[in-house]
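Next up, some structures in C-alpha cells.
Presented sequentially are two complexes of chain A, the first with chain B as partner and the second with chain C.
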Partner chain A sequence: MAIFFQALIDGLLTGGIYACVAVGLSLSFGVMRLFNWAQGDLLMMALYMAIFLIQGTGIHPLVSILVVGPVMFVIGFFVQKFLLNPLVIRAKEREPLSVLLTTAGMSFVLSNLATFLFTSNSQSVTTPLTGRSINIASMFISTPKLIAFVVALGLTFGIQLFLQKAEWGRALRATSQDREVAQLMGMNNKLLYCLAQAIGFACLGVAGGLMSPIYAVSPSTGATFGFKTLTIVVLGGKGSVPGALLGGIIVGLVESFGGFLFSSLYAQIIVFAIFALVLFLKPNGLLSKDRG
Partner chain B sequence: MSKTLLKDKIAPKHILVLALLVLAFLFPQIVTQPYFIQIAITVLIYCYWSSAWNIIGGYAGQFALGNGVYIGIGAYVAVLFHQEGFGSPWIGMVLGGVISVMFAFIISKPCFKLRGTYFSLATVAFLHIVRYIILGFNSIFGMETNGGMGIMIPYTGRWQDMQFGKEGFYYVILVMLVLILVVSNVIRTSKMGYYLSAIKTNQGAASTIGINVPKYKMMAQCISAFCLALGGAVYVHFLLNVSPYDVFGYDLSLEIMIYCVIGGSGTLWGPVFGALVLGIINETLRVQLGSDIAPLASAFYGVALILIVRFAPGGLYQLGQMLINKIKGSLGKKKSETKEVSVQ
Partner chain C sequence: MKKLIATILAIVMCLSLVACGGPSGEQSQEPNQSSGQEGGETIKIGVLYPLSGSTATAGNSALWAVEWITDYINNELGGIQSMDGAKIELVVGDSKGDSQVGLTEFERMVNVENVSVMFGFYNTAVTNTLSQYCIANQVPAIATNAVGDEAFSQPNDYVFHANGCNATNTLFSNQRTEWMREVIQPMKKFAYVYDSADYGRESYETALANMEENGYEEIVGIPIEAGSADFSSQILQLKNDPEIEWVQPSMNMSDAILFVRQMKEYDVALPIFGNGGGFLQADFIEQAGDAADYVFSTSMWFPSMWETAWDTDFAQTVMDAYYEEFGYDFDESASCAWLGFWCVWDALERAGSADREAIAQAMAETDISGEHYATLLSGSKTVKFEDREGAAGVMVYNQNFDTPVPWACIRDGEYRVVWPEELASQEYEFTWPIPSWDER
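Right after this comes the complex of A and B.
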C-alpha cells in the first residue's frame, strides 16, 4: 500500500513538472491556435541555460528562474515577431500548417545545434535542492518536484486569471476566436501574439529552472519532452489552461503507475495509446466545451 | 504551325528528363569511387521516400508526419521473413508492403477524421507506439527482434537475399525511383489526382461536389505506405542492419517531409529536387568539414525549411519555374517588341 501511495505522489509531482512545460504550449496552441512543434527543444534550451548558469555562478535553482524566465520571454517575443507573425498574417486557416513547419524547422535547428555545441553527452548540476526530499510516514516527497508542482499550480492559476480577467488576456481570447473582427475592434493582434508567445516561452524558462535540480539535459531532451507536452495539451483540450494541468497530472500518473506495475517502456506505450484514443474519441480534449 | 508550337512547348522538358535519366544510369560508370556511389544511394533513397510521402503529403495535402512508421514496418517484415526461414526477402518486401497497407488502413480510418495539425499528431503517435513496442520487446510474435539492438543481416552477397553490392543497389533504387515517379505522374494526371488536389484545397467543398473524401485520402495514404515500405526493405538490406533508431526514427519522418516541402510538395519533381539538393549539400558539408560538424549540416535543414516556408511556400521547384518563366517572359517581350517594330 505504501508503494501505491508513493507511486501516486511521484506521479502527481512529475505531472506538475509536465504541466509547467505544457502550460506554455497551451497558450500558443490552445489560445492562439499556433502549433509549436519545437516546445521540447525550447525546453531543452532553457534547461541548458539554467544548468550552465548554476554551474557557472553557483546560484540557487530558484534564483536561476529569475534569469532564464525573462531571457526566454524576450526570445519568445522575437520568435513570434520575426518568424511566426508574418506567417499568421498570410495564412487563411485558423491553425496554419506553415507555423507547424517553421517550428519543426526550429526544432531541427535547436536539437542539432545543441549536439554540435555541447556534444550528445548529458549535462547535469548538483544544487542545494538535488536529491532532497521530505519524509512523511515512510513516503518520500521530492522537494524540487514539490516546488515545481506548486509553481505549476500557481502558473496555471495566474495565466487563467490573466486570460479571464485582464484586459490583455480577454483581447487575446477575442483574437484567437476571430483575428479579423478583433482587429476591427481595435486590437493590436501582432503585439498580442508576441506577448502571448513570450509568456509561453517564459513558462518554459521557469520549467527549465525548476527541472535543473532533477533532470540531466542532453540534445535528446527535446525529443523526450516535445511529444509528451503535445500529448498533455491535447489531452487537456485546446484553449484550456487548467486542462494542461490536468493533462500533465494524468500523464505523470500513468507513467508512474505504468512504471510501477509494468515497466517504464510500457508506460510510454500506454501514454501514447491514451493520446491516440483521446484524439479519436474527444479530439478537443477532456476539458473542452466546444466541438469544432 | 500548331504542330511545331506543340513540339516547342514539350520537347525541351522531355529531353531534359531523358538526359537526367541517362546521366543517372551512367553515373556509377563515370564515377566509380565506392564512396560517391554510397552517397548517391543514400540521396536516391531519400528522393524515393520523399516522392512516396508526396502522394499523401503533397498531392492530398495531408501532413502525415509519422509516416516513417511504414518504412520501419516494411524493413522489419522483410528482414524477419527471411530470418525466420520463410523465404527470400523479396517476397518479404512485398509482404511488408501489404502489411503496411493494412496497418495504414486500420489507423488512418480514425486519423482522417482529424484535420490539419491533429492529423499530423495522430500519425506521429502511432509512430511512437510502434517504435516503443519494437524497442521494448526482444521478440515479437516469437521472432527475434533484439529490441533497440536491432537485427544484423548476415552478408551473403546473393541477389536472392537482396544483396548485390553498391552498384547493384544503386540501380535497384534508381529503378524504384523511376517507377514511383511514373506512379506519381499517373496519379497526378488521373481523376484521382484532381480529386486529391480538390481535397487539399478545400475538403469541405470537395465533399460537397460529390468527391468521396475519405476514400481518396485513404487510397493516397495506402499507396504512399506501400511505397515507403518497399523503400525501407531495400534500404536496410543495403545497410545490412535494421534497428528501431534507424527506421522508426522520428527524425527520418521529419527529414522526408522536409525534403518534400523544400523541393516543392505536390509537384512531381519537387521531392526529388529537394532531396537531391539538400542531400548533396549535406553530404558535401559532412565530408568537407568532418563528422563533428554533421549536426551543423542537419541544423542547416531546419534553417532551409524555415526560409522556404517563409519566402517560397511553393518550394525550390516552383521557385525555379518562376525564374524560368520570368526569363522566358522577358525574352518573349523583347521578341514581340521587335515584331511590332517590324510590322510598323
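Right after this comes the complex of A and C.
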C-alpha cells in the first residue's frame, strides 16, 4: 500500500511540474488561439537563465524565479509585439498557420543558438533543494517537486482569479471569445495579446527556476518537454488554465503508475492512448468550454 | 512584392542547381582515384561524430582529439611521409546520433567528397548502419566507442574497431564482472536500467545472455526513454524489491544526473555500477554534485591513467590543451579517438597510398606496441585487429584486445581507479560496502 501512495505522490508532483510548463501555453492559446511550438525551447531558455543565475550568484532557486520570471515576461511581451502580433493581426483565420510556423522556426533558432552559445553539454547546478526529500511514514516526498507542485497550484489559481476578477483578465477573456467584437468595444487587442504571451513566458520563467534543482539542461531539453506540453494542453482543454493542471496531473500519474507497473515505454503508450480517447470523446479537451 | 519574392526564389533555385552540379560531376569519378592525391597534396578522411544531440558532448570531445592529431601530423610530422608529405584534410560530419542522418553524411563523404577513410561513428546505432555501408562500398573505416556487437558481427576486410581496453559488449560483459564477482558476494540479483536505444538495449540483452556464465540468478530489466523527465517509478521498482543487490544503469549524461539525484532523494543507497555512457563523461561528477559520490563506472580511460603514458610530458601537453578547450580532463571519447586516429595515420604511412584497398589492407595488418603515438593516451598498450568469440558464442571481427576494462569509484569529485591493481589509484583506499546516503 505504501508503494501505491508513493507512486501516487510521485505522479502528482511530476504532474505539477508539467502543469507549471503547460499553464502559460494554455493561457496564450486561450486568448490568441495559437499554439506556441517553441514552448519546450523557451523552457530550455528559462532553465539556462535560472541555472546560470544560480551558478553565478549562488542565490536560492526560489529567488531565481523572481528574476527569471520577470525577464521572461519582458521577452514574451516583445516577442509578441514585434514577431507574432503582425502575423496574428494580419491573419484572417482564427488559428493562423503562419504563427505556428513562426514559432516552429523560433524553436529551431533557440535550440541551435543554445548549442552555439553553451555547446551541447548538459548544464546543471546543485542547490540547497537538490536531492532533498521529506520522509513521511516511509514515503519520500521530493522537496523541489513538492514546491513546484504547490507553485503550480498557486499559478493556476492565480491566473484563473486574474481572468475572472481583474479588469485586464476579463478583457483577455473577452478577446479570447471574439476578438473583433472585443476590439469594437474599445479593447486594445494587440496589447492584450502581448500581455497574454508575456504571462505565458513568465510562467515558463517560474517553471525554469523551480526545475533548476532537479534537471540538467541542454539544447535538447526542449524536445523532452515540448511535445508533452502540447499533449497536456490539448488533453486538459485548449485554453483552459485548470485544464492544463488537470492534464499535467493525469500525465504525471499515468507515467508514475504505468512506469512502476509496466515500464516507462508502456506508460507513454498509455498516455497517448488516453490522449487519443479524449480527443475522440471530447475533441476540445477535458475542461474546455469551447464548442469548436 | 510577390514578383520580388518569386524572382528571389528563382535565383535561389538556380544557384542551388549550380551548386548541385559540382558534386554530381564528382560522383561519376571512381572514389579511390579522386580521394586524396599522392605526391604531397591532401588525403581526405571522413570524420563522423554526433556533434549535436544527446551524445554531442562525447562527439565534440572526440573531434577535438582528431583535429589536434591532424594538426600535429600536418605541421609537426610534416604530413604523411610515405606519400611525400601529403596533408590530411578532414571532412567533418554531424550524425546527430541518428543512423539516417549518419548515412546521409556518409554518402556525402564517400560519394561527393571521395574520402579515402571513414572514422568515428561513436553511437552503436550509427555504427550498425554505417559498418554495413562501409563493407558494401569497400570503404576502410575505423570505428571508435560503439560497443554494440552487431556492427562487428560480419567477417570483413574494411571495418576495424579501435577501442582501448574493451572492444564490444560480448567481450567485456564477462571481463567487467570479473572484479564485481570479487567484491559483491553473493552476487545474485541486480537491476539493469537501460535506455531503450540500441546501446542500452544490447548491453542489457548481452547481460541476460551471459547471466548463467556470470553467476547471476536474476536480472531485472528496467527500460527507460532517453531524455526522461522523471525516474521515480523506476527507482520505486528498485526500492520495492529488497533482493536487488545493485543497479547497473546505462544512460546518457543528463539522464544519469537525474537518476543519481533521484536515488538520493528517495534514499535508495544501492551501489550504482554505471555502464559507461553518461556516468563517465567528464563533467558528470561536477554536475551531479554529491549525488555522484560512490558511483562506480567503467571506462576505457580515466584521467589518472595519463601517469602510465610512455611520455608523460607529451601526454601532459595534450591533456593541458584539452583542459583549456573544455575546462575538464581528457575523457574516454577523446582517448578512443586518440587511439583510433593514430591507427589511421599508422595505416596511411604503411599503405603509402590514398587507395582504399591499400589502406584497408594496411589496417588489417596493424600491429602497434611500445612507444607509439596511439598508445600514449589510451589504456591500450598494443593494437592489433583480430577476430574473437565472445560470451554466449557471439563472434566479433576486427577488434582490438588488450587490458581489462578498469573500474573507478567517484570520491571527492574524482574518478579513483579501483581495478585492475596495476592501474589503481594509489591515493584511494577502496571502501565496501558503500555507506548509506546519510553516512556519506
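In this text, the second predicted complex is superposed on the first by the 290 of 292 C-alpha atoms of A that agree within 3 Å, B and C clash if a C-alpha of one lies under 4 Å from a C-alpha of the other, contacts with A are read in each partner's own complex, and residues count from 1 in each chain.
The working rule: a residue touches a chain if its C-beta (ideal position, glycine included) is under 8 Å from a C-beta of that chain, and two chains touch if they have at least 3 such contacts.
Here the structure is a predicted model, which is why all the values come from computation and not from measurement.
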{"item": "Superposition on chain A - do chain B and chain C clash or fit", "value": "clash"}
{"item": "Touched partner set for A:265, first chain B, second chain C, both or neither", "value": "both"}
{"item": "Touching partner for A:273 - first (chain B), second (chain C), both, neither", "value": "first"}
{"item": "First, second, both or neither for A:101, with chain B first and chain C second", "value": "first"}
{"item": "Chain B versus chain C as contact partner of A:86, first or second or both or neither", "value": "first"}
{"item": "Touching partner for A:256 - first (chain B), second (chain C), both, neither", "value": "second"}
{"item": "Which superposed partner A:123 touches (first chain B, second chain C, both, neither)", "value": "second"}
{"item": "First, second, both or neither for A:234, with chain B first and chain C second", "value": "first"}
{"item": "Touching partner for A:115 - first (chain B), second (chain C), both, neither", "value": "both"}
{"item": "Partner chain(s) touched by A:215 [first = chain B, second = chain C, both, neither]", "value": "second"}
{"item": "4-12, 166-174, 202-210 or 238-246: stretch of chain C that collides with chain B", "value": "4-12"}
{"item": "Overlap of chain C and chain B interfaces on chain A (superposed complexes)", "value": "115, 219, 223, 263, 265, 268"}
{"item": "Residue numbers on chain C that touch chain A, as the complex places them", "value": "51-54, 56-57, 60, 196, 222-225, 227-230, 232-234, 236-237, 239-240, 253-254, 257-258, 261-262, 264-267, 283, 287-291"}
{"item": "Residue numbers on chain A that touch chain B, as the complex places them", "value": "35, 83, 86-87, 93, 95, 97-98, 100-102, 104-110, 112-113, 115-116, 219, 223, 227, 230-231, 234, 263, 265-266, 268-269, 272-273, 275-276, 279-280, 283"}
{"item": "Touch list for chain A against partner chain C, complex", "value": "3, 6-7, 10, 14, 17-18, 115, 119-124, 126, 130-133, 135, 140, 142-143, 214-221, 223-225, 228, 252, 255-260, 263-265, 267-268"}
{"item": "Chain A partner contacts - residues on chain B that touch it in the complex", "value": "63, 110, 113-114, 116-118, 120-122, 124-126, 128-129, 132-133, 135-136, 250, 254, 257-258, 261, 292-293, 295-296, 298-299, 301-306, 309-310, 313"}
